[in-house]
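Got some structures for you, see below.
You will see two complexes here that share chain A, one where it goes with chain B and one where it goes with chain C.
Up next, the complex of A and B:
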């Protein structure tokens, strides 16, 4: 799993590349938690280059989003889901509770609206 | 090996309500009008054609699964489903002594509430043995039948065998292994092997750490099982909201079963607040997920319901 971060207007845009599953979930969670500890609370998880997400990835996404909302007045926006990954968000019901955007720019702007 | 489900509900017995029954009947009658039924002979076939959530219920009794392996009778958990199993055994054995080995995952109510109503325990000629790794199991079960809670004491017909946390033992030709699961107050999984067939019963467990390393002790235990019976009480979202309640969901079950190379995955311990329609919808979504997740289609999914029989 390759992870990159760009910061725009106080929003941390975290771009993932690779499968988001039991082999990579700890890496992604640690990466975001490290930034939460440094005071960040607004994140975009850009999944343009994620071809697959399993229950392990879904759990990290929902746990982090809930924590940011409940404890930091922040959020985790999701962007650029590939069709298969989008389907998994729908099947699991997570699309009903997360803010999902077509691209990372919209997801970033979503924090100012 | 033959497996039969007598109780599949989690937490508390959940009888079908009159309103739910009326809704099923109303839907069925409307569909029969739409199908243009004109003759009594068409009725049976029409009923068989109805979706499962309309023509049956998964059932309301709590955890109890019968396993017949070689010539041994094993019973997994003693929830309220044990009552009807007991009545059936009395009929089947026609007065001959019943020898049953009852493997308990833990002693929460929904896994022991059937014991006071297990009719074979009323006869001293039957040989009934409980197995569990819990210290003081007999005292726990006796307490359930203290006069404050129940009019009759625990039957003296029961014998008790104390297991270790990670045990391996045999009952005749049947090999049994245990490992601890993640549940408030504890719970244990049982792996039953007879000849070249293996089934695993793993109910009442929560998996909060989903990295491959954290799940390895469990996926190793489930490895190559012909059948894995798995606690999928909640939806993905509710599982997160009910953190530390000790249960799981279909998505985690599928990922673990695929990792372990399981052949058939059976979801059990259904949430009492979920009706038949919701439960079959969860199964539908689980099938969509497994279709995305596996390339060769080796894993089959099932929703446990009362009366479901499976043969290995």
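Up next, the complex of A and C:
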């Protein structure tokens, strides 16, 4: 799993590349958690280059989003889901409780609206 | 067609297993979305097997058997680790995922939603077997 961060207007855009599964979920969680501890509370998780997500990856998304909302008045926006990954968000119902955007630009701008 | 493999109880093998079942799914005539369903279901079973059944002990192995005909794929996963019945897990509360106490149970839920058949048995020899089947709609 390759992870990159860009900060735009105080929003941390975290771009993932690779499978988001039980083998990589801890790496993603630790990466974001490290930035939360440094004071960041607004995140975009850009999944343009994620071809696969399992329940282990979804669990990290759920835990981080819950923590940001409940403890830091922040949020986790999701962007650029590939069709098979989008289907996983839909059948889990996460598309109803998270803000999901077509691309990372819109997901970043979504924090100022 | 049938293929059989032995893998160590290491989550690093999940990507390879995903590739193998995608190739089999394509040979059986499934489209990309259906292959995604099969990959997710198998990933959930293998993750469960590696982490809960075999405690991520890399010296232990599990067996994966993939067999398919046109329009149908059947996958068997055999392991003989710790006693664990995944069917004991409750379904997740999908209405309240961000507020509930845990996000557990999603894997088994996916399995039931995405596959036509998903069953689990423990043999007299203690070998646990998952069997999952998908047929083309």
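Convention: the second predicted complex is superposed on the first by the 113 of 113 C-alpha atoms of A that agree within 3 Å, B and C clash if a C-alpha of one lies under 4 Å from a C-alpha of the other, contacts with A are read in each partner's own complex, and residues count from 1 in each chain.
The rule is short, and it goes like this: contacts are C-beta pairs under 8 Å (C-beta built on N, C-alpha and C of every residue); 3 or more make two chains touch, one makes a residue touch a chain.
Owing to the predicted nature of the structure, the values given are computational and were not obtained by experimental measurement.
Q: Putting chain B and chain C on the same copy of chain A, do they fit or clash?
A: Chain B/chain C on chain A - steric clash.
Q: Answer with first, second, both or neither: which of chain B and chain C does A:19 touch in the superposed model?
A: Second partner only.
Q: Per the contact definition in the header, classify A:33: touching chain B only (first), chain C only (second), both, or neither.
A: Neither partner.
Q: Could you tell me if A:2 is touching chain B, chain C, both of them or neither one (first, second, both, neither)?
A: It touches nothing on chain B or chain C.
Q: Could you tell me if A:88 is touching chain B, chain C, both of them or neither one (first, second, both, neither)?
A: After superposing on A, A:88 lies in contact with both chain B and chain C.
Q: Under the stated touch criterion, which partner chain does A:63 make contact with: chain B (first), chain C (second), both, or neither?
A: Both: A:63 reaches chain B and chain C.
Q: Between chain B and chain C, whom does A:54 touch in the aligned arrangement: first, second, both, or neither?
A: Both partners, chain B and chain C.
Q: Determine, for the stretches 8-16, 80-88, 134-142 or 296-304 of chain B, which one clashes with chain C when the structures are superposed.
A: 296-304
Q: Enumerate the residues of chain A that count as touching chain B in its complex and touching chain C in the other.
A: In the superposed arrangement, which is not itself an observed complex, chain A uses residues 21-23, 54-56, 58-59, 62-63, 66, 84, 87-88, 91-94, 97 for both chain B and chain C.
Q: State the interface residues of chain B toward chain A in the complex, per the touch definition above.
A: Within the complex, chain B touches chain A at residues 210-212, 215, 235-237, 240, 249, 251-252, 254-255, 259, 285, 288-289, 292-293.
Q: For a test of understanding, state which residues of chain A touch chain C in their complex under the given definition.
A: 19, 21-23, 52, 54-56, 58-59, 62-63, 65-66, 69, 83-84, 87-88, 91-94, 97-98
Q: Per the contact definition, I'd like the list of chain A residues that touch chain B in the complex.
A: 21-23, 25-26, 54-56, 58-59, 62-63, 66, 84, 87-88, 91-94, 96-97
Q: Can you tell me which positions in chain C touch chain A when the two form their complex?
A: Counting only chain C, the residues touching chain A are 11-12, 14-15, 18, 32-33, 36-37, 39-40, 43-44, 47, 50-51, 92, 94-95, 97-99, 103-104, 106-107, 109-110, 113-114.
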